[in-house]
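Consider the two complexes below, in which subunit A is the common component and subunit B and subunit C are the respective partners.
Let's look at the complex of A and B:
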C-alpha cells in the first residue's frame, strides 16, 4: 500500500479533478486545487524515494531507480504546472478535464518506470499516450492558428503506428523466450541477440520508446505537435515523457551488449541521423516551439548515443544528460509561456527586444539556450562532453566526430535566438511582460540547477551510477 | 496435414482481406473485405485451440466493432462523388512493394535462422475461459487493472473532444 502511494495520490488527484470538472469551478479555485495536488504529489514522491519492493506478482518493481525517475517526473510536472499559470491556451470550460488528463498521463508515466513486465509496460505507455492524444487537440482555437486538431490527429496516427511496431516486437520477444517478464527475457535473449528474429523484436519494442523520445525514424510528429499544441501541453510533452522513455530504454538495453554488432550499428545510425536531421531542420524554422522541437530530436540522438556504449558510465552519462535536458527545456518553455500571456505561439520575431520588455525572462531564455547549445559552464556542455569522451574511449571515433560537428551546427540557431532577444530593438509597440514572483523564483531555481549540474557533475554522475548499477 | 492446409488457407484469406481494405476505393467495400481478415484471423486462433480468443475475435471485432464502422460509413452516406481523387495509387503501390521486399527477406531469414526449439503441444485447458482468467488475474493483474483507467480516459476524452465543437461555434 505504502509502496504504491505516489501512484495512488495521482489516481486520487485525477478522480478529484474529474469530480471538479462536473461543476463549474472558477479559474482561481481550479488552479489552487491543481497546485495543491501537484505539491502533495511531489512531497509524497520525495518521502517514498527509499521504498523497495515488488507488487502485482512481480510485474511492478519499486526500487531506487524507479523512485528517482518518479521524483524527476513529479518535479518536472510541478514546474510545468507552476509556470503555465492560468493555462491561457486551454479553454476555460475544459480546463478541469485538461488537468485530469494531465494527471492520468502522469500516472501512466509513473507506472511505466516501475513496470518490469511487457504487458504492464505496454498498457502504462498507452495510458500516458492516450492522455496526451487528447491534451494536444484541447487547445483553444483563436483563429490565427487552428492546426491543433490536425496535430492531434497526427500525434494519434504516429502513436498508433509506433504502438503497432512495439506490440509486434513484444510478440517476437514473447515467442522467443516464452515470458513477458523482463527478468526472464533478458537472460534468455542474451544467447540470441544476434539472431535476425531477436534483432527485429528488440528494435521494434524500442520503436515505441523512440516515438516517445522523438528519435529518428519516429520523429515525424515532433515539430507539428510542438507547434500545434498549447504552450503548456508542449512543455509537458517536451520534457516529461522523455524522462520515462529513457528510464525504459536503459532497462531494455540490458538485453543487448556491445557484441550485438548489428543492433549497435543500427542504433548508432538512428542516433547520428536524429542529430543531423534535428539540427539541420531547425536552421530553417520561424517558430520558437518548432525550433525547440527539432532541437529535441537532436538531443534525443545524443541521449541514445550515450546509451550505446553499454557500460555503466554511458548509462549514467545518458541519465545525467536527460535530467539536464529536461531542466534546460523547461527553462526555455518557462520563458515561452511567460512571454505569451494570451497563449499564442511565439514567433522568432516576437523575441525582438525581449531584454527590454523583461530582463529576467530574456536572461533565463538566453541561459537555457546557451545550455542547450552546449556552452560551458552549463549542464548541456558537461553532458555532451561526458558522452563524447566516453564514446571516444569505446572507440567510436567517426560517430564522435559527427556528433561534435552537430554541436557546432546547433550553436548557430540557438545563438541567433539569443541575438534576436538581445541585439535587436523592438520596433513595434513594446508590451511589458509581467512576470509574477512564482515565475521569477522558478526561473532563478532552474538556472541555478542548470549551472550547479554543469559545474559539479560528479555528485550527479555518482548518484546516477549507483542508481543504475543497482538495477541493470 | 489438414491443419497446415487450413493455416495457409486462412492466412492467405486474411492477407487478401487486408489488401482489399487498402485497394478498394469505396469505404464500404474496404470495410467488408476487412471483415474477411478478421474472421480468418479468428479461424487462425481456433486452429491454435485458443477458444476464448476465437470467440472474442468474432464477437467483439468482426461483430461489434465492424458493425459500428459500417454503421458510421452508412450514416455518412458516402457516394462516388465524395471520394477524393487518388492519383498515382499504382505508383505508390509499386513503391510499397519495393519497400516491403527487404523486410520480407529479413523476416524470412529471421525464421530460418531461429535456433531449434521444441514446440510443446498445448494441453486441453489452453485458451479456455478459466485459463485465460487465471493468468489475467495473476501474472497480468496490473495491466488488467490499468486498462480500466485507460478506458476512463478514453471515455472522458471522447466526450470532451466531441463537445468541443459546440463551444467554438
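Let's look at the complex of A and C:
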C-alpha cells in the first residue's frame, strides 16, 4: 500500500478535482486546492524515495531509480503549477477539469517510470497520452484562429500512430522471447541483436518513447503542439513527459548494446538528424514557443546521443542532461508564462524591451537560453561536455564533431531572443509582465539550480550513477 | 602534475580571480549607483595592488608555474581547478588587473543608464579574464573563455552605439563559432593523454602529424578569430566602434591578447610539429594583416574604426613575432602584447573623452580641438607616437625586436629577407595613419567646427591617462625589467621546441621508407 502511495495521492487528487469540477469553485479556491495537492504530492514522493519492492506480479517495480524520477516529475509539476498562476490560457469554466486531466496524465507518467513489463508500460503510456490529448485542445479560444483544435488533432493522430508502432513492436518482442517482462526479454534478446526481427521490434517499441521525447523522425507534432497548446500545457509537455520517456529509454536500452551495430547506427543517425533538424528549423521561427519546440528536438537528439554509449557513465550523463534540460526549459517557460498574462502566444517581437519591464525575468530568460545554448558555466554546457567526452571515449569522433557544430548553429536563435529581450527598446503595445513574489523567487531558485548544477556537477553525476547502477 | 607547479602559501591567484566576483555579488544587493561605483573601484584597485605582489614574488629563474593552486573540481573526469603563472602569462595578468580600475573610472560619467548592471558585467569580465590567463586546466580555461562572451555581449549590446545589435551578435557568433572546434580538440587531447586535462601534461608529445595538424587548425580558428588575424578580423571594427569606452579598452587591451596568448600557451607546445609545418601560412597571414590593417586605417574617418584597424596591424606584428619561433621574436611579441594593451587602451580612452564632449567619433567633428584641449592633445600625441613605434616609446622596443627576429629568421633560413621586408611597410603605414589622425585632431583645417565650448580634460581624466603614459615611457626607455620576467619561460619554450624538432626529424629519418 505504502509502495503505491504517490500514485494513490495523485489518483485521489484527480478524484477530488473531479468533485470540485461539479461545483463552481472560485478562481482562488481552485488554485489553492491544486497548489495544496501538488505540494502534498511533492512531499510524499520525497518521503517515499527509499521505498523498494514490486507490485502487480512484478510488473511494477519500485526502487530508488523509479522513486527519483517520480520526485523529479513531481517537482517539475509543482514548478509548472506555481508559475502558471491563474492559468489564463484555460477557460474559467473548464479549469477544474483541466487540472483533473493534468493529474491523470501525471499518474500515467509516474506509473510509466515504475513499469517493467510491456503491458504495464503500454497502459501507463496511454494513460498519460490520453490525458494530454485532451489537455492540448482545452485552450481558451482567442479570436479568429483555433490553433489549439488543430494541434489537438495532430497530437492525437501522431500519438495513436506511435502507439500502433509500439504495440506492433511489442508483439515482435513477445514473439521472439515468449515473455512480456523486461527482465526476461533483455537476456533472451541479447542473442538476436542483429536479427532483422529483433531490430524491427526494438526500434518500434522505442518509437513510442521517441514520440514522447520528440525525437526525429517522430518529432512532427512538436512545433505545432507547442504553439497551439496553452502556455501552461506547453510547459508541462515540454519538460515532464521527457523525464519519464528518458527513464524508460534507459531501461529499454539495456536490450541494445554496442555489438548491435545496425541498431546503434540507426539510433546514432536519429540522434544526429534530430540535432540538425531541430537547430536548422528553429532558425526560421517567429514564435518563441515554436523555437523552444525545435530546440527541444535537438536536445532530445543530444540526450539520445548520451545514451548511445551504453555504459553507466553515458546513462548517468544522459540523466544529468535530462534533469538539466527540464530545469532550463522550465526557466524559459516561466518567463513565457509571466510575460503573457493574457494567455496569448509570445511572438519574438513581444520580447522587445523585456529587460525594462522586468529585469529579473529578463535575466532569468537570458540565463536559461544561454544554458540551453551550452555556454559555460551553466548546466547545458557541463551536460554537453560530459556527453561529448564520453562519446569520444567510445570512438564516436565524427558524431562528436557534428554535435559540436550544432552548438554553433543553435547559438544564433538563442542569441536572437536574448538580443530582443535586452538590446531592443520597448515596443508600444507590449503587455506588462506578472512578476509577483512567487514568480520571482521561483526564477531565482531555478537560476541558482542551473548554475550550481553546472559548476558542481559531481554530486548530481554521482547520484545519477548510483541510481542507475542499481537498476541497469 | 606537481612537478610542473610551485605552490604558494597564500592563494593569491584565486583571490585575484574571485575578488571581482565577490564585488559583483555585493553590488547585487546595493541599490545606490554611487555606492556601486565606489565598491567596484575599490575592489578593482585592491586586485590591482595585489597583482603587484605577483611581480615582487615572481621567481625569474624557474620555468615552472608559480603561485600554483590545485583543487579537485569534477573528480570523475579528472577535471581540476589548477591555476599558476609563468613568464608568458605574468605580464598579461598584471596588465589586466591594472587596467580594470581605469575602465571603471572611464565609465564614471560615460555610462548613464543602468550603471549597476554595467559594473557587474565589468566585474564578471575581470574574473573571467584573469582566470583565462592563469588557468592550467583546459576545461577551466575553456569555461572561462566562453563564459566571458556573455558579459561582453551585454556590454556591447546594451550600452553600445547605434549599431550595437549587429556588432554584439557578430562578436558573439564569431567568437563562439571559432571556439566550438577547440572543445573537440581539447577532448581529443584529453583522450590522448590518459584522461588528463592538465595543460602541461599535454605539451611536447609526439602525436601523429596528421592529428597535430587537425588540432592546430582547431586552435588556429579559435585563437586567430580572437586575435583577430586577417581574414577573420571583420568582427573587430564593428565591436570596437559600437562598444562603450570601457568595453573598447577591455577588447583591445585584454581580449585580443587572449588569442596570441593561446598561440603561445597551446599551439606551440602542444602541437609543435604542426606549428613548424604550418608556420609559413601563419606568417604570411600576419604580413597580410599588417599591410591590410595599415591601409584600411589610413582611409578611416571614424576615430574608433581607425584605431580598430590599427589593432589588426599591430596584432599582425605580434603573431609574426610568435611564429618566427626565435627568442627575439617571441619576447618581442609578448612585450608588444603589453605595449598594444597600454597604447591602444589609452587611445580608446582618449577617443572616449572626445566622444563624451562632442558625441561624435568623426575625425571632422573633432578637428582642431588641440586649441582648446592642450593637456588632452599632449597625452594623445604621446600615445599616437607610441602606437606608431616612435623611438623612446614602448612599441618601438617591441616592434624592433620582432623585426630583428624576423631578419634573423630569414637569414638563418639562408634566403633573402623577404618576410622582414614585407613587414616594414606596416611600420610606415602606422606612421602615416597616426600622424594623419594627430594632424586632424590637433590642428584640423580652415573649416574646423566651432570647438570653443569644449573644456579640457579634468583631474579624473588626467588620473586615468597618466599611468598609461608612465608605462609607455618606462617600457620604451627601460624594457629590461619586463624582459627579465619573461626571459626564462621563453628560453625554455624555445629549447623544448628545438629539442622536439630535432627529435621529430630523427624519428622521421628512422622511418622505413
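Here is the rule we go by: the second predicted complex is superposed on the first by the 464 of 472 C-alpha atoms of A that agree within 3 Å, B and C clash if a C-alpha of one lies under 4 Å from a C-alpha of the other, contacts with A are read in each partner's own complex, and residues count from 1 in each chain.
Just so we're on the same page, a residue touches a chain if its C-beta (ideal position, glycine included) is under 8 Å from a C-beta of that chain, and two chains touch if they have at least 3 such contacts.
Please read all numbers here as calculations on a predicted model, not as lab measurements.
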Three-chain arrangement built on subunit A, subunit B and subunit C clash or fit: fit
Partner chain in contact with A:120 - subunit B first, subunit C second, else both or neither: first
Subunit B versus subunit C as contact partner of A:100, first or second or both or neither: first
Which superposed partner A:389 touches (first subunit B, second subunit C, both, neither): second
Included angle at subunit A between vectors to subunit C and subunit B, based on C-alpha centres and rounded to the nearest 10 degrees: 140
Touching partner for A:419 - first (subunit B), second (subunit C), both, neither: second
Subunit A residues touched by each partner, larger count belonging to subunit B or subunit C: B
Which of subunit B and subunit C A:398 touches, first, second, both or neither: neither
Partner chain(s) touched by A:141 [first = subunit B, second = subunit C, both, neither]: first
Minimum distance between Cα atoms of subunit B and subunit C in the superposition (Å): 37
Contacting residues of subunit A [partner subunit B, same complex]: 11, 14, 18, 21, 55-57, 59-60, 91, 93-94, 97, 100-101, 104, 107-108, 111, 115, 117, 119-120, 122-124, 126-127, 130-131, 133-134, 137-138, 141, 176, 180-181, 191-192, 195-197, 199-200
Residues of subunit C defined as touching subunit A within the complex: 73-77, 117, 139, 142-144, 146-147, 149-150, 153-154, 157-158, 164-165, 168-169, 172-173, 176-177, 180-181, 183-184, 187-188, 190-191
Subunit A-touching residues of subunit B, taken from the complex the two chains share: 106-107, 109-111, 113-115, 138-143, 145-147, 149-150, 152-154, 156-157, 160-161, 164, 167-168
Subunit A to subunit C touching residues, read off their complex: 313, 355, 359, 370, 375-377, 381, 385-386, 388-389, 392-393, 397, 400-401, 404-405, 407-408, 411-412, 415-416, 418-419, 422-424, 457-458, 461-462
